[in-house]
Amino acid sequence: MADVRLLGEAFSAMDELAVFTAAHPEAGGLVSFLGQVRQEGGAHAVEALELKHYAAMTLPGMTALAAATEARWRLDGLLILHRYGVMYPGDPIVLVAAAAPHRRDAFAAADFAMDHLKSQSWFWKREKTARGWRWIEPRPDDHRDLARW
Amino acid sequence: MTAKLVFLGRLEDVAGMGELVVGPGPLEAVLAALEPALAVQLLGERVRMALNGQLIAEGGGIVLADGDELAFLPPVSGG
Amino acid sequence: MADVRLLGEAFSAMDELAVFTAAHPEAGGLVSFLGQVRQEGGAHAVEALELKHYAAMTLPGMTALAAATEARWRLDGLLILHRYGVMYPGDPIVLVAAAAPHRRDAFAAADFAMDHLKSQSWFWKREKTARGWRWIEPRPDDHRDLARW
Amino acid sequence: MTAKLVFLGRLEDVAGMGELVVGPGPLEAVLAALEPALAVQLLGERVRMALNGQLIAEGGGIVLADGDELAFLPPVSGG
């Protein structure tokens, strides 16, 4: 039932969300999370971001995460889109949306999926600043977030 | 008769390549043939391994067969 | 800073969210909640919904809620739109969106604002089914949700 | 010299109107002039009151002055 995609090209988060919302008129509540490359100024600004994935594991892992999310909450629909490749400030990285009969289920499902995408999915991120490319290590926060579930 | 090593994330930079075709055989022998600096990184405590897309608990005792793909996975950072 | 509106006419949730998102390229994460009139079948289906407000208190209360939300989490932006009047299946009722440097702040802010809109804002709802109009009482869930904060 | 009573939510249905202009004076006297069935509902345990847009804790002792607006607020159900 879930729509899970690993995307190599830029996508329009708003177009995707509009399609998802239109497909779920039966849902009382829809929660979405959009993660995007921050547009910021200053010497430390990120000029580009690259996400690498592993074909043998990344999409299968996302699909399993979607199934776990749907098994845990009562949902009308679930959307999980994640980019890989090189992205620039303002580009969407990840879009998660959950449609549900009840508000709390939609919030919890989107939150759960994001925590797991952040810290348990097979992505590796590097950022380019004025000082060049640098691999990003997971933050302690990410693991703390995961421990909530 | 070949197997494949896959280097993810920063390990690709360390290896200078994303993949390496190797001969089959015990993992110890395969790693011994690599640059020592790379082999040390691959065996790092926080690096996990997946054989043909499935995580494996320990590298000890692994023998790569023809067509096997062994991936080295450093800590992830998605979203 | 927050954009808080009490609306008497139908609005496009997707257009509003697109404008809000475009206004916050500096935000790493955006969370939205859309509540809409359920489109459902059967004898108990809601044919229309009416929300009444009280001019002296409803919008001032929403504005105070927005200020409390902004004081509690670190946000780049906050959007709170709420309809009053008669709505039909598929119509948006409420749209809350929070943009933040960090994901957890955006989730918590949207969740907090929704819980308070549901159970502490000055709206009164009635629904029309095949059996006529009926006033809706608050659900015990609504108060339980509020006790989380 | 008038004050106004505002009936919200289902109280509007009970009253048959959304607002009622009344003379100033003690609330008790104002309510005594209403339909008893309506007065009973307005004084219900779960009905709160707001004077000129501000919630008040208790109705006892209120005296409506010229221009005052007293709203009767049953439990809310938004979103």
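Lettered A, B, C and D in written order, each chain numbered from 1.
One rule holds in what follows: a contact is a pair of C-beta atoms (placed from the backbone, for glycine too) under 8 Å apart; a residue touches a chain by one contact, two chains touch by 3 or more.
As the structure is a computational prediction, the values presented were derived from the model and not from experiment.
Chain B and chain D have Cα centroids separated by 76 Å. Chain centres here are Cα means. That of chain B falls 50 Å from that of chain C. Spacing of chain A relative to chain B, judged by their CA centroids, is 27 angstrom. The residues of chain C that reach two or more other chains are 35, 103, 114, 118, listed in rising order.
Looking at chain B, residues 79 sit in touch with two or more other chains. If you draw each protein chain as a dot and join the dots that touch, you get a simple line with two loose ends. Chain pairs that touch one another are A-B, A-C, C-D.
Taken together, the chain B residues at the contact with chain A in this complex read 6, 8-10, 12-13, 50, 52-53, 69, 71, 73-79.
Here chain A touches chain B in the complex through residues 35, 51-52, 54, 56-57, 60, 82, 93-94, 114, 117-126, 135-138, 142, going by the rule given at the top. Chain contact summary for the complex, chain A toward chain C: residues 13-14, 17-18, 21, 25-36, 38-40, 89-90, 101-104, 106-107, 110-111, 114, 118, 141, 145.
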